[in-house]
Amino acid sequence: MEAIAAANLGHASSYGNDDYTRKANELLKQHFGEQVESFFVFLGTAANVLGISSVIKPYEAVICTDLAHINVDECGAPERFGGFKLLAVPTTNGKLDIEKAKRFLQNVGFEHNVQPKLVSISQTTELGTVYTVEEIKRIVDFAHSNGLYVHMDGARLSNAAAALNLPFRAFTTDLGVDVISFGGTKNGMMLGEAVIFSNAELAHGFKFLRKQAMQLASKMRFISAQFIAYLSDSHCIKTASHANAMARYLHDQLKNIPQITVTQCVDANAVFAIFPKALTETLQQETFFYLWDEDKNEARWMTSWDTQKEDIDNFVKKIVLAIEEVEL
Amino acid sequence: MEAIAAANLGHASSYGNDDYTRKANELLKQHFGEQVESFFVFLGTAANVLGISSVIKPYEAVICTDLAHINVDECGAPERFGGFKLLAVPTTNGKLDIEKAKRFLQNVGFEHNVQPKLVSISQTTELGTVYTVEEIKRIVDFAHSNGLYVHMDGARLSNAAAALNLPFRAFTTDLGVDVISFGGTKNGMMLGEAVIFSNAELAHGFKFLRKQAMQLASKMRFISAQFIAYLSDSHCIKTASHANAMARYLHDQLKNIPQITVTQCVDANAVFAIFPKALTETLQQETFFYLWDEDKNEARWMTSWDTQKEDIDNFVKKIVLAIEEVEL
Amino acid sequence: MEAIAAANLGHASSYGNDDYTRKANELLKQHFGEQVESFFVFLGTAANVLGISSVIKPYEAVICTDLAHINVDECGAPERFGGFKLLAVPTTNGKLDIEKAKRFLQNVGFEHNVQPKLVSISQTTELGTVYTVEEIKRIVDFAHSNGLYVHMDGARLSNAAAALNLPFRAFTTDLGVDVISFGGTKNGMMLGEAVIFSNAELAHGFKFLRKQAMQLASKMRFISAQFIAYLSDSHCIKTASHANAMARYLHDQLKNIPQITVTQCVDANAVFAIFPKALTETLQQETFFYLWDEDKNEARWMTSWDTQKEDIDNFVKKIVLAIEEVEL
Amino acid sequence: MEAIAAANLGHASSYGNDDYTRKANELLKQHFGEQVESFFVFLGTAANVLGISSVIKPYEAVICTDLAHINVDECGAPERFGGFKLLAVPTTNGKLDIEKAKRFLQNVGFEHNVQPKLVSISQTTELGTVYTVEEIKRIVDFAHSNGLYVHMDGARLSNAAAALNLPFRAFTTDLGVDVISFGGTKNGMMLGEAVIFSNAELAHGFKFLRKQAMQLASKMRFISAQFIAYLSDSHCIKTASHANAMARYLHDQLKNIPQITVTQCVDANAVFAIFPKALTETLQQETFFYLWDEDKNEARWMTSWDTQKEDIDNFVKKIVLAIEEVEL
C-alpha cells in the first residue's frame, strides 16, 4: 500500500514506460535470471492464459491436471481467448502424473486431434502440495524431450519458495521452465501478476498480445511499485513463510482431533480436511472457506500473510466446542 | 451420385435459394416434425459446433462423454470457434452417465466456473452402441429440468434408426431433443450434413452464423440433392440396416474365435474387439481400421452400406489363418 | 489514493461481494437511474469490448466513426475477443454522421454481410468535441428505430458532463443510451472502469462474461473505493471542469499566435492544433503529446485535473520563443 | 461433373490421403512452382481466412481495399475465426493504392494499434479489373520491404490468367506472392478451393488449422478430382477466356447505348454499368444480378463459362426495348 502511495507522487509516463516498471523488471531478472523477459498484467487468469497463448497455436493443446486452476476456475478464459484445448490428467495430490499424461501424445501428427504443445503445472498445487526440484526436473525432461513447453502457474510461487527454502530460479528457470505466472495477490498485493518468459524469443510480440487481451494498464507503475515492494527485503518470502507456518500450526492442532482427517500433505499454506457435516454452519460463520468436496465434506482452509496464531487457536477451539455440542 | 448429376442440369439460384434445398428441408420436416428448422453445412464437425454455438454463449459449457467426437476428434474446433468448454464425463460404453454428469451442476451461478447449458450425446455412440428411447428420455428429462439443452450428434443417425426400427422423430424431436446433427457421409453421401433445430426460435440467426463459420455453400443444391436422394424411398434406412446387419454378421463369426474378445454391444455398424497384437500388420493390410486402444490392442471395425458378406468371410478367414500361423 | 488506502484496512470479501462495491454500484444508480446495472472492470478497452459483446452476437456489427477508440486504439481487442466487425464512418469532428452511417443498413438480412446491431459513440469524442443532448437524441432515435443498441464510450464522460453542465443521466440513460463505459483513469483514478447497462436484461450473464474475459478483480474493493471517492462531492465534475477550463485557457492563448491553427472546437479538455514543424522537438521536450496527424503536423494537447495555469503560460511562452527563434 | 463421378468408383482413403488429391497437388505444383504447398478447402471464404490466419497472429492486421471480399462479403469470418483486423484502403477501380496504404504503417511497434503484417489483393478485383504484372510487382515490393506478406484472393484467378494471357505463376508465385486462394466455383466447379503457399514453411501446421476450422473434407477426392479436370487441357483457361470474351462482347454492345454508362474497365468477366432506374424490374426479370450501388443505380453484370452470345444479344435487346418504352 505504501508502495502504491509512493508511486502516486509526481507524473510518470504511461503504459509501463516508467521507472517503477523498469525497476520491477530488473528485480525479476535478479530473481529468475538475466535472460528472462517479464510483463505485468492485472491478474492470475490473464497471466496464465496470455503466457500460454503467447507460445502455442490454437490447435495446439495444454496438458494439465484435472484440478488445475486453468481447467476449473477461469470460466473458460483459456478456451475463449486462447482457443486452445486443455487435456486434463486426473490427480489425487495436485501433481501431474507423467505416466498418465503420456496417453495424450499418442495422436501427435494426426490432424483430427489437438496437438499437445505445453505442460502446465501449478506450484504450489491446487491441493496445497509443493513439487520438489526433482519432480519438476522430471516433468521438464518429459516435456522437452517430447517437444512441449513447460508453464508454471505460480499464483502462490512465494509459498513454494518458502516451503522449499530455495531462491525462485532454483525451481523454475534453472530447471528449464519456459513460462511462469508469478502472482502476489494471494500473498498481500492489491492486484497484479507477472508473466515471465525464460528468454526473449518466447516473449516475442507479447506486448501486442497483452494489449489485445485488454491487460495493458495505463498507469502500470501502480502494479510495478507493488512488485518492487514485494520482491525487496525478501518481503514475499517472509509473508509466505509466515502463512506456511500458520498452516503447519493449524495442521498440528487438527491432528489431535479424531473427528477431523487432514487429506493432503501440508507443504505450504493450505490445509485440506474432512470434518463432520454438522459443523459446517458454525465454522462458516467463524471464517469463510471453500467446501472443496461436498460429497466428502472436505474443506480447504487457507492461511495467509496476516493469519495469527490466535486466529487459529480460536478456530480450533470453535471446532472442538462444536464437535462436543454435536456429539452430546 | 446420380442425384448430384441431376442437380447439375440447368441453372439455379445460389446459396440455398433453390428448389433442391427447399425440397430437402421439406423432407426433413416430414421426418423430424413440421416445427423443425434445418440448414445444410459441409460436414459433421461443423454441424456439431454450429448447432451448439447457436444456442449457448461462450461462457456456457457442454456436458458430454470423454469419448464424444466433439471432445476428441475435432482438433479443438468447438473451443476455437465456439469458445466454449466441454465438460467430459467418463464412459465405458459410449453412453452418458447422468449420475456422473451431475457433479458439473454444483457450481451453477458461480462465476469462476463455466456454466453448463447443454448436454451432447452421440447416437449411435462412438463405441457403436445405441441409446434406447427410454435412455434418451431420461437424459432429456435430466437436462431440461436443469435448464440445459440437448444436442444429438447424429453422424450415424440412420444406423440408430435402423437399429431401433423407429422413425427418426421417435427418438429425437418427439423426445425433446433440441438440436440434431444429421449426417450422411458415413452412410454413402459425398459430403454434407444437416443441422436440425426443434423450433424456429433456436434457429434464430443461424444463417448468419453459418456464413461467418465458412459453411455456406454457394451451390448448395449439390448438398440438398444428396439429402433428397438419401431420405427418399427409405434409402438411408436400407443402407444403414445393411451395414448394421453386416456388423452383426461379423460379430457372430468372431464370437467363435476364442482369441478375439468383442468388447462392446454390437447395436449398429461397429464392432470393437481385442485381438492378438501379432495379427496387427496382417489385418491392416487387409483393410484399414483404427486401433482404438493401443494398450489393449482393441480395434474398431466399421461396416458400411457397401460391405459384402464375402468381405467379412474373407476378413474372418484372414484372422483365423493369421492366428494359426502365429500360434504355430 | 486515500480512498484506496482506506479500503486496505480490515478484511473484506473478494470478487466484488464487499461493501465498497455495493456502495459504488449504489452511487452509479443515483447518477444514472435506479434501473441501471453496473460492473467494474480494469480498464476502458475492456469496458468497451465487454459492454458491447454482452449485447450483440459475433456476426452482428458495430457502427462507429473511423476515429473511434475501439476502431483504432485497442489493438484489435474488439475483433479478437468479441469476434465482431466494426463498420467505420468517416468523421472530421469526431461525431458520427447519421447520413453516412445509413449505408451500412442496406444489407440487413443478407447473410453475406455482418448485421449492424449497435451504434457506438464517444463522449467526449476522440477529437475533444462534445455531443449535445439534441445530437445524442437524434443518434438514439436513428439507432432504436433501426433495431440497433447505442453504446457510449465514456472514457472522458466527466469532461462531457462538466462541459454540458448536466447530470450524467441527462445525456445518457435518460436519452435511451443502452450501454455506457464510464471511466475515471483519464481524470485522476489509478485504474478501473464501470460498465453500465440501462436495464437488468441487457446485463444478463455479464458476470460470467467478465470472468471469462479476465476482468474480474479479486480485490475489487480497490476499484470500487476509487469510484466512491470519484463520484462523491462532485469530485469528478470538479476535476473535469478544471481540466476543461484549462483547455479553454490554452485555446484562448493560442488564438493570438498566427502560426498556430486550432482545428477543432475546444468543447472539453483537448486542443487540436497545427503548428510549425520546426517547433516539434522543442515542444516535445517541454511536455509529451501525441502528434495526431503527422502530415499536417497537428498536435493533440490534453489538459488534466492537475494542469495549472502556470503550466500553460509556460508552454505558450515556449511556443512563442521557439517561433521567434525559428523565424529569425 | 464427370470428374466427380469417376472419383466415385472404387474405394479410397479418406481425408486427402488418396490418389486424386496427390495428383491435384502435383498439378498445382506444375502451375505455381515446385516449391509450393497446397491444400483443399470447401470454399473461397475459408481459403481466404485460413490462408491468412496461417501466416499472421491475431494482433497483426491485413491491409486490403474497402471493397475486398474479405472486408465486405464474408459476414465477419476473418474477424471471428482469425481474430485479426482488416485495414481498409478506399478504392475506385478495385485496385490497392499503395500511397494510401502507407498510412497504416505509421504505428508499427506501437502496442495500441494492430500491426500490419499482410497485404491482400484480389485478382481479378471485385470491380472486374485485372492487376498487371507490373502493378503486382510494385505491391509485392512495397509489402516485402515493409515486412508484410502478400495474399491474393483468386476466386477468379483463371479469368485473370486468361485476361493477361499468362501462366498462373507468372503473376503470382514468380512475383513473390506468398499465399493464394485459388477458386474454381465461379468458373464451373461444384465446390472447392485451393490454398497455395509459396513455400513449405508458410504452410507449417496448416493441416491442423484446416481441421480446427471445420474445412477438412473426409471424402476429399471429390474436390481434388474437380481440380484435376479444371487444370487439365487448359480447361479453366478456356472457360475463363470464353467468359471474358462474353463480357467484352456485352461491353461493346452497351457502348452504343447512350443511356448506359460502363463504369469500370472490362478486363475480365464483369461489366459494371449505370442504367436508367426505370429499367430495373424488367432487367431483373431477364436475369438475376447485383445492384452494386443503389444510389447511382449501378449494376454488376457477370458473364460465365456457359454464357452464350445469344444470351447477350437477347439481354441487350431487352435493354433497348425497355429504354424505348420508358422514353415514350
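Every chain is named by a letter (A, B, C and D) in the order it is written, and numbering of its residues begins at 1.
As a working rule, a residue touches a chain if its C-beta (ideal position, glycine included) is under 8 Å from a C-beta of that chain, and two chains touch if they have at least 3 such contacts.
The structure presented is a predicted model; accordingly, all values stated were derived computationally and were not measured.
Of all chains, the one whose Cα centroid sits at the greatest distance from that of chain B is C. Of the two chain pairs shown, A-D and A-C, the one joined by more C-beta contacts is A-C. Rounded to whole angstrom units, the spacing between the C-alpha centres of chain C and chain D is 40.
Centres computed as Cα averages put chain A at a distance of 35 Å from chain C. A straight line joining the Cα centres of chain A and chain D is 50 Å long.
Of all residues in chain A, those touching 2 or more other chains are 58-59, 74-76, 80, 111-112, 114, 208, 211-212, 216, listed in ascending order. Listing the residues of chain A that touch chain B in their complex gives 58-59, 61, 72-76, 79-80, 83-85, 88, 106, 111-114, 294. Interface residues of chain D facing chain A in the complex, by the touch rule stated above, are 15, 57-60, 111-112, 114-115, 205, 207-212, 216. Within the complex, the chain A residues that touch chain C are 1, 4-5, 8, 13, 42-43, 45-46, 49, 74-77, 80-81, 185, 190-191, 208, 211-219, 222, 288.
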